[in-house]
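Below you'll find a set of structures to go through.
After this come two complexes, each holding chain A, first together with chain B and then together with chain C.
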Partner chain A sequence: MILYFKRYLWFVLLCCSFSVAHAAELYVVVSNNLRGTSFTQGEIKHILLGEITSVKNARVKLIYPSYSSQAIVTLSMFVGKGSNVRDLKSYWSKMIFTGRGNPPETADTDAELKKFLAEDNAIGVTTNPAGMNVVYTINI
Partner chain B sequence: MLFIRSIFRHVVVCKLLFASSCIFAVTVGTYNLPPFSMHEDGENLGMVTEAMTTLLSRSNVQDYQIIDYPLARGLAELRAGRIDIFYPYVVTVDNEIPKTYTLIGPIAKYHMALFVRKDYHKEVSILAMQNSIVSAERGGIEHSLLQPHAHHIEEATQTISCLRMVLAERVAACAIGTLPGQYVAAINNLASHLRHVETGDTANMYVVIGDSLPKEMVEKIKAAYADLKRDDYFAKQQNTYETKFQLFIKSMS
Partner chain C sequence: MYLFKRIIKHFAILLATLPSVSMGATFGMDLLVNGFGTVCASKSDLPKYNYASIPVYPFATQLGTVNPYVASLQYTPGYVGAERRWNFLPNSKFGLQFTALFNDKFKAVTQLLAGAEIFDNNDFYVQMDWAYVQFNPFNELDFQFGRFRLPSFYYSDYLDVNHAQPWVQPPEEVYFIVGDAFQNMDGIKGTYSYYLNDWTATGKLWYGSMKEELIILTQNINVEVRDVIGGNLQIGNDRFSVGGSLMRSIYDTTLYNPFYGLITATEIANGGAFQAAQNLQAILKDQDVPIIYVGLSFNANITDNLSLLAERASIFSRGIISTAREGWYASLSYSLSKFMLTGTYGFSRPLQTEINKYKAVQAFFTSPQYVNTIDKGSGAGQAAINLFQAYLGEQRSLGLDLRYDILASLALKGAVKYIWPVGQSGYRQKYILNLVPTNRHIWVYRLSFDFVF
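Up next, the complex of A and B:
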């Protein structure tokens, strides 16, 4: 009976950890000049991969969360690069070395992100969008 | 039964067709050392790969394939005649090649560094670490550069394992090229735990052509190299590449 209970407990804990790991919500936030602009899921993916480089006829400044954050894992999964951030880095390595794209800036804190968003045409992602212009919510 | 035979025949024919379409006139081996030569996100990239592509295209060699190898394996493949060209080749005492082979270069310079844990506070240099255990990639360039200094070398199978041995404190330092070390550390999230010091040891990197290629083709490649060298192509390429590399490292930090 105890053995059965233990097994059941492990199963419940596993389910909980799985749901917590996958309940990550990420917000796409933009500069004031892009407030209210609507983006489709596809457009957001292309922007986050540096494939769409301009919005409203101006160059997009892309801001990623730190590569050591949990948010980058969610972002990586959303853009189709899987949960291993190495694959996302590998993608950017290809973009940089082939000259096809410029890498995103990284913001380690929300304060840093806000600083970037003070400039026009900046697009970033965060888990805590308080006081920022949210244009899209990523649910993984 | 007849049906199964027919299917089997089709499979064999398809395999033969596929195999014949994969035969290239020239096979080039490159050292799979990122960022010089790497396969990232489904593409072959890197300074070495770019240099070879340009050199062959200038020589009017269109029908070729590039395959990445560990250094020692690449040289073994060249000696066995399974590949025709290998780059980069570094001249050292222990890797003498047959006189019938052609060396072209030097094309670029390789700089060695010692990677240690960030919390390693002792002096980091070849001399100061002579009594420490240092890891280096088996058959790699650093292995040859370290040998004259009589270090106790612990062999690593790959660049990443060389760095991981440092983090696990199995060795005091990992001897590796400055750019490869930084690249591998950055892409594998190890950069924040490591620091590096350049040792000042350098190696010239050459293209080596085996005796399997016809003489005319070798002459064309030599002429293309001379043209590119005159245009300062390799130096300019290295500069452009280093700029991109700094951009990459900055973006990953």
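Up next, the complex of A and C:
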């Protein structure tokens, strides 16, 4: 019995051992026309997943960080897709190729992100929100 | 590989001639272009060639005076595209999707899919899988009008986007239950999502019709499916989800079954109708035949690295070109950085309705009326029975898929699958899915590059 328990414990430890803890802060930033708008955690999550597609009766322009950045891992964990970005990418494939969602734009730098935020109804995430309108802070 | 290059070339020309995103903007809309593709090589340890015994009957009016005979037909056996030799064609594909965003509530989507035409050598197809206008009155609700993929099972509506799946090929036990047919529909679909904290419930309802041209035993057969009505519901959170779907439709075919003439001639030779002939005639009549699909799914993220997906699919139909079958699988996936290992166990078997179809064929071809007046020891009747027995294939399978994400949008996958026939006791020849005869087991190997953009 103890032997089985040890084996089981070993298996569980193996499964968990690679769940890297990412202690990170990520800021949700918006265009000027959305400045001061308050969002709940649930709303932010559904917006970042492309499930809520319009805010203030206009289509949201979603901006993701680069898929090779650490920020995307934090984002993926926040929206419930785990620390492996593969699941987030698969989720977006489903959304795009079933016609349900429009793919987010990708900003590789903060300068690019600011350029996107210059347009109305843009919502993005960044680790460095200096000079941008922060509406929500993600703590993982 | 040559064909795949041709497909890519044609799409490149198509892309080059398309209006750019900025041009779309001049018409007051945004135009998005996305795509996906799979370059898949597959092989199995099935024999390079096999032979099927095909019963050949003389013209109906000559039956009784001219004897039937059995012809031997050479063919290349394959398990869902996996033949003896490594082959790129059957499971490689390329898809392009164009989305025109008119305003915040309306958009139009067209998705084109290209692949090798496996029934006509040296050719390929380009088909429109999706072509619809979508209306979003508000965030939680949308309506699609036009052509779309049927969301019968968990991956059905994006089945060709292999990059979004853990396997090289989705388990045949569920996703090949009706072959490659009946995947698109023309009609209307409504989707409603309800969000409560971390929970999401999504319900879909659809109604419409579809047309399909099937090739059965070298015959082109048009199938019209009407009054397709279905729905599905999926409820879940970040940790797990459960879903179910139910769909009913009615189909008619243009199939003229050569057995009609045979049955009539047998009845005439025996002075009138008899029970076995009437039973077979009733089964062969493919008019106003209902089909019911049922799908169930369960998905759980056990830990951050470990996930489970299990699905069960059933289809019920008394028609001769459709099937009555059920299948299920369970897949356990373990992720480690850019690698993912997935083990899958699957099962598929015919339902009693399918067995009854076979029994009706068997009863007619072993009836003294047929044996004594038509068959006369030619073996044609037994050959016909054997052909229909292929639809009773029952199998279990074990699969192992390894995925490596080279880039976020490009994955390399490899798979090994072991399939063995079960049940079918009392039959000399056993079958697995895809009408493949084997009394032992088969190995299938697959390798693919999957990408999205």
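Observations
Here is the rule we use: the second predicted complex is superposed on the first by the 119 of 140 C-alpha atoms of A that agree within 3 Å, B and C clash if a C-alpha of one lies under 4 Å from a C-alpha of the other, contacts with A are read in each partner's own complex, and residues count from 1 in each chain.
Operating definition for what follows: a contact is a pair of C-beta atoms (placed from the backbone, for glycine too) under 8 Å apart; a residue touches a chain by one contact, two chains touch by 3 or more.
Everything numeric here is computed off the predicted structure, so don't read it as measured data.
In the superposition on chain A, A:Ser68 makes contact with both chain B and chain C. In the superposition on chain A, A:Ala118 makes contact with neither chain B nor chain C.
Between chain B and chain C, C contacts the larger number of chain A residues. Contacts of A:Asn102 after superposition on the shared chain: both chain B and chain C are touched. In the superposition on chain A, A:Arg59 contacts chain C only, with no contact to chain B.
Using the contact criterion defined above for the overlaid structures, shared-chain residue A:Glu51 touches chain C, although it does not reach chain B. In the superposition on chain A, A:Val134 makes contact with neither chain B nor chain C.
When the two complexes are overlaid on their common chain A, residue A:Ser90 makes contact with chain B and with chain C alike. Shared interface residues of chain A, touching chain B in one complex and chain C in the other, are 67-68, 85-86, 89-90, 93-94, 96-99, 102-103. The residues of chain A lying in touch with chain C in their complex are 15-16, 18-19, 42, 45-46, 51-54, 57-59, 67-68, 80-86, 89-90, 93-94, 96-100, 102-103.
The touching residues of chain A, when paired with chain B in their complex, are 67-68, 85-87, 89-94, 96-99, 102-106. Note for the complex: chain C touches chain A at residues 32, 34, 36, 95, 97, 99, 101, 103-104, 107, 109, 111, 130, 132, 134, 136, 138-139, 142, 144, 148-149, 151, 157-158, 161, 163-165, 191, 193, 195, 197-198, 200, 237-238, 301-306, 334-338, 340, 405, 408-409, 411, 452.
Considering their complex, residues 34-35, 38, 40-43, 45-46, 186-189, 192, 241, 244, 247-248, 250-253 of chain B touch chain A.
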